[in-house]
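Following this line, the structures themselves.
Consider the two complexes below, in which subunit A is the common component and subunit B and subunit C are the respective partners.
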Partner chain A sequence: MRKLSLDNLNKFFAAVAESKTIYLPVDQKDGSAKYAKWAEGTEWSNALNTVRSPKDLFFPQTEDLMEFKTEGKNIEIIDIRKESEDFVIFGVRACDVKSFEVLDRVFLSEPVDSFYASRREHAIIVALACTRPSETCFCTTFGIDATEPAGDVSAWKTDSALYLKANTEKGEAFLKSIEALTEDADTAEVDAQKTKTAEIMKKLPLADLTTDAFGGGKTEELWNNPVWDEMSQTCLGCGTCTFVCPTCQCYDIKDFNTGNGVIRYRCWDSCMYSEFTRMAHGNNRLSQKERFRQRFMHKLVYYPENNEGLFSCVGCGRCLAKCPISMNIVKVMKKIGGDK
Partner chain B sequence: MNMREETLIPKVGVITDVRIDTPDIKTFRVVTPDGKKAFDHRPGQCAMLSIPGVGEAMFSITSSPTNTEYMEFSIKKCGCVTEWLHQAEVGQQLTIRGPYGNPFPVDDVFAGKNMLFIAGGVGLAPLRSVINYCRHYRDRYGDIDIVYGSRSKDDLLDYKEIIDEWANDAGVNVHLTIDNPQQGWDGHVGFVPNYVKELNFDTNKTAVLCGPPIMIKFTLEGLCALGFDKTQIYTTLELRMKCGVGKCGRCNVGSKYVCKDGPVFRCDELDELPSEY
Partner chain C sequence: MQKITRDQLITKAVELLSNGTVSAVLGWKKGEFDYDITPAVFTTEEEINNGFVYNDFCGANFSKYLVAKTKKLEGKILVFLKPCDSYSFNQLLTEHRFDREKVYAVGIGCEGMADVVKLKNKVDGIVSIDYNDDGMYVDTLYDGTVKVDYAEVMAERCINCKSKKCVAYDELLGEDGEVIDSARFDEVASLEAMTPDERFAFWQGELSRCIRCNACRDACPACTCEKCVFDNPGSGVENKAPVTSFEEQMFHIIRAFHVAGRCTDCGECSRVCPQNIPLHLLNRKFIKDMNECYGEYQAGAEVGSRAPLVDYTEGDLEPGEVFERGENDA
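Moving on, here comes the complex of A and B:
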């Protein structure tokens, strides 16, 4: 394990930024935090997490896929892809690190999505252990250890230092590149922090939430549960939950006529929208009940069925904090799981 | 730029023939600008066609893979992309990518079987590929029965090919029907599901169904009433799709994606999926 004095933090960012763009949580005027590029003077946020997940950095909210030039009856397709440059995502929480694994299984399965893959291959993820989990946190439900985040490098921040441990070859090379700023350290301070955080985790209001009622093979059992009808009644279909969700990856592909050609782009879409499945001959999910059921069944049943039991929720709690009618996956899990 | 292949980036195709089949269905012949087939496919697979600036949509490839010169798409006018295509002329370029989805198991499960094809309306489009494949390799299959119905005589897709070619093949029996009586029509009148029951087929066949959801539902019930097992019946589904490779999330039904796990399903497999297709 290596140790970086917090006094050297800006030197560390500056040294890394010489060769790579660094994205890190930065406080916004409204008090929230979001991932932003580091530049001289940028302050690393103390917030527990960003409002939007870092999935934007691999799977942007909108991105151009290709361009077309048309002339009369003829079409020219222009491949506008550019290989990503190396970049660092700094301060990623354990839940969000896990979300990359969920996304990888979609975008990196054959046929590989080259847009996502290029960014993913060039990213170095520096994950940050949690010390002040919030009451909306439930990562432990999905077997995630917030005190021991994965990523290329795991980091622990204490009052005076940032402890760093490489988990991958990429991570080792990264630590090597900043070796001059760090020193060897024992794990005593980190271990103490982990124990303290683990105690807090145990007392969180959602600490007892389980996935027992869910998993692959439960479709038939859960399909006609009255919960879908009841709980979807208040759903506005606004899609906020899908947009802040680190694992939601449904997308739309659309064309934009620039007046001088056509740009085909993709953008995030949401299964909560009525348009999502609407076809010329009808819609296979007619009401919000079906769309509501789809979102939770996908995360808790269909996805694990196709991915060796891995759930498509990481317990980050963003949807709990942001849903305008306070509906969320925890309420669904509790209700179906038999809790009042 | 030397990047890996990207399935979302299509190829250019060109329309070399437009056949008016019915008042709202046209069949488009498509090749690459240098006159070749855009890619090989298997019967039942689909392709994404697009007109830049208008949109992209999934269509079943109606021509048989045994046609090595070009691909054909029978397209009903019903939305933005299809309306645009319907006013397109020969020489118009479009984009094409694929093939997508799983084909009908023509070389293993279907081999040696008596085949029963049942289609309604534009539902013949995906079946034409399999029918012509079976006709091409005629000795690999037993008897072939084709039940096809549409609203009227004018709405029967591929009518000329059915009458001039299919009906004349040895061991191929064509049973056409239209919904309502019509002048100049001396064939059967009535809905496809009822006609299938009237024809009282022997169950020693493998059935392939495609048509409007309501037709599939009642035909399936009819076949089961005749004693068919759902493991003998195949169909092909259609849901909204954007990527074609199981990533955009749109055609997800239960743990399956129609674009990559389908569109061809055996009817007993469909029973395991939630009824949301």
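Moving on, here comes the complex of A and C:
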């Protein structure tokens, strides 16, 4: 394990930024945080989490895919992809790191999404252990250890230092590149922090939440549950939960007429929207109840069914904090699971 | 802290449900942490006793729900209206958006609601909240019990409350209040005082955070189109792609134009915004302009009133004057 004095933090960012772009959580004017590029003078936020998850950096909300230019009867197809360069995502929480695994299974299985894959290959993830989880956190429900985040490098921040441990070859190369700023360290301070955080995790209000009622094979059992009627009745049908969610991965592909050609782009879509997966015959989910059910069944039943039991929720709590009517996956899980 | 209590509302709801006046109750349902309250439809006394709550986090405006809920319902639905909700209620009636006969409205006084974002910026790890006369006592994960004054966490829209008067109800609980001479246009005036470049930079900074979740539109009681233009793929204005600089600005500006004269300034747009964009300021600018150009007008103050933009009087501003005003105001 290596140790970086917090006094050297800016030197560290500057050293990394010489060769790679670093994205890290920074405070916004309203008190919330977002991922932004580091530049001289950028302050690393202390926020537990960002409003938008770091999935944006692999799967941006809108992205141009290709361009068509027409001249007379000729159509030219232009690949407008920019080759990615290596970049660092710094300060990713354990839940968000886990969300990349959920996204990988969608975008990196055949047919591989080359846009996503390219960014994923070029990214170095420096994950940060939590010390002050929020009441809305429930990552332990999904087997995530917030004190031992995955990623290429795991990091622990104490009052005076940042401890760094490489988990992958990429991570080792990264630590090597900043070796001059760090020193060898034992794990005593990190172990103490982990023990302390683990105690807090046990006391979180949602610590007892389980996934027992969910998983692959539950479709028939849960499909007609009256809970869907009851819980969806005041859902506004907005896309907040899906757009702040680190694992929501649905998108739409559209063409934009530029006047002398077409730009084909994709943008995030939301199963909460009335136009979601609209087909020639119309929409296959006509009521908000059906859309609501789709979102939770996807995360808690369909996805695990297709992915060896892996749930597509990581317990980050963003939807708990942001839903305009405070309806969320925890309430659904408790209602169906019998308050567990 | 609210003067109206949960017990008062439960008693009223159960009474109206059991004597057959209503068949359903639109109310607030308790959540996990005392602040995450969900609007819900209750149909039995048992449901009400188990889940109905009322406290400083019951800011949601129920008026818009009546559009959908009254359509399907047998009998009447009970709705509790805070003063600002009652303005939206009247405005929806003016626009014939629901059947008044299917609603039993109980007006309730309001002492101002808390803003959960303000509270969370002050207190970490909220486990539960106790409401006392001198403030909220917040039980936390890290700092024991923290006392928070109501004024410290009061929502902006409530600090600048325009009226404590319930303008629509079948029955009133507690005492009615008065229309307030509020300072709600002060922030608009400070935006007007900026140079055009400063103002553009201000709005660009705010609107660039927009994620096009449409929560502002979906919560807005003035946005009740059966089919929103932004939900129509054939319209050329997409509902989910925010990044082109045209759309992130135009979505909100088009919406503000569309609700001009109909917006009651309930503030739901800003409350629900996950990015805390002060969207209500756009609407207030319209209200302020209309007041200045056409005389004071409050949407929803009464049923059937004609908004200045859809009404004609001889004293109306001449187009030339509007043009000149635009030149000066840039």
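One rule holds in what follows: the second predicted complex is superposed on the first by the 336 of 340 C-alpha atoms of A that agree within 3 Å, B and C clash if a C-alpha of one lies under 4 Å from a C-alpha of the other, contacts with A are read in each partner's own complex, and residues count from 1 in each chain.
Keep this in mind: a contact is a pair of C-beta atoms (placed from the backbone, for glycine too) under 8 Å apart; a residue touches a chain by one contact, two chains touch by 3 or more.
Keep in mind it's a predicted model, so treat the numbers as computed, not measured.
Once both complexes are superposed on subunit A, the partners subunit B and subunit C fit side by side without clashing. Once the two complexes are laid over each other on the shared chain, residue contacts for A:D96 go to neither subunit B nor subunit C. When the two structures are aligned on the shared chain, A:V301 is found in touch with subunit B, with no touch to subunit C. In the superposition on chain A, A:V330 makes contact with subunit C only, not with subunit B. Contacts of A:G216 after superposition: subunit B is touched, whereas subunit C is not reached.
Our angle of interest has its tip at the CA centre of subunit A and reaches the CA centres of subunit B and subunit C; in the overlay it is 90°, to the nearest 10.
Of the two partner chains placed around the shared chain by superposition, neither subunit B nor subunit C is touched by A:D152. In the superposed model, A:Y265 makes contact with subunit C only, not with subunit B.
By the touch criterion stated above, A:E290 is placed in contact with subunit B alone, subunit C being left untouched. Distance between subunit B and subunit C in the overlay is 8 Å (nearest C-alpha pair, rounded to whole angstrom).
Residues common to the contacts of subunit A with subunit B and with subunit C across the two structures: 252, 254, 269, 278.
Residues 31-33, 36-41, 60, 65, 117, 120-121, 124-127, 141-142, 205, 209, 211-215, 217-219, 231, 233, 238-244, 271-272, 274-276 of subunit C are the ones that touch subunit A when the two sit in their complex. Looking at the complex, you find that subunit A touches subunit B at residues 65-66, 68, 70, 73-77, 79, 81-83, 106-107, 109, 111-115, 117-118, 216, 219, 223, 249-255, 257, 262, 264, 266, 269, 271, 276-281, 284-285, 290, 294, 297-298, 301-302, 305-306.
Interface residues of subunit A facing subunit C in the complex, by the touch rule stated above, are 28-32, 34, 51-52, 60-62, 132-136, 200, 203-206, 233-234, 236-240, 242-244, 252, 254, 265, 267-270, 273-275, 278, 320-322, 324-328, 330-331.
Residues of subunit B that touch subunit A in their complex: 1, 3-12, 50, 52-56, 78-79, 82, 89, 91-95, 212, 238-240, 242-243, 245-250, 252-255, 273-274, 276-277.
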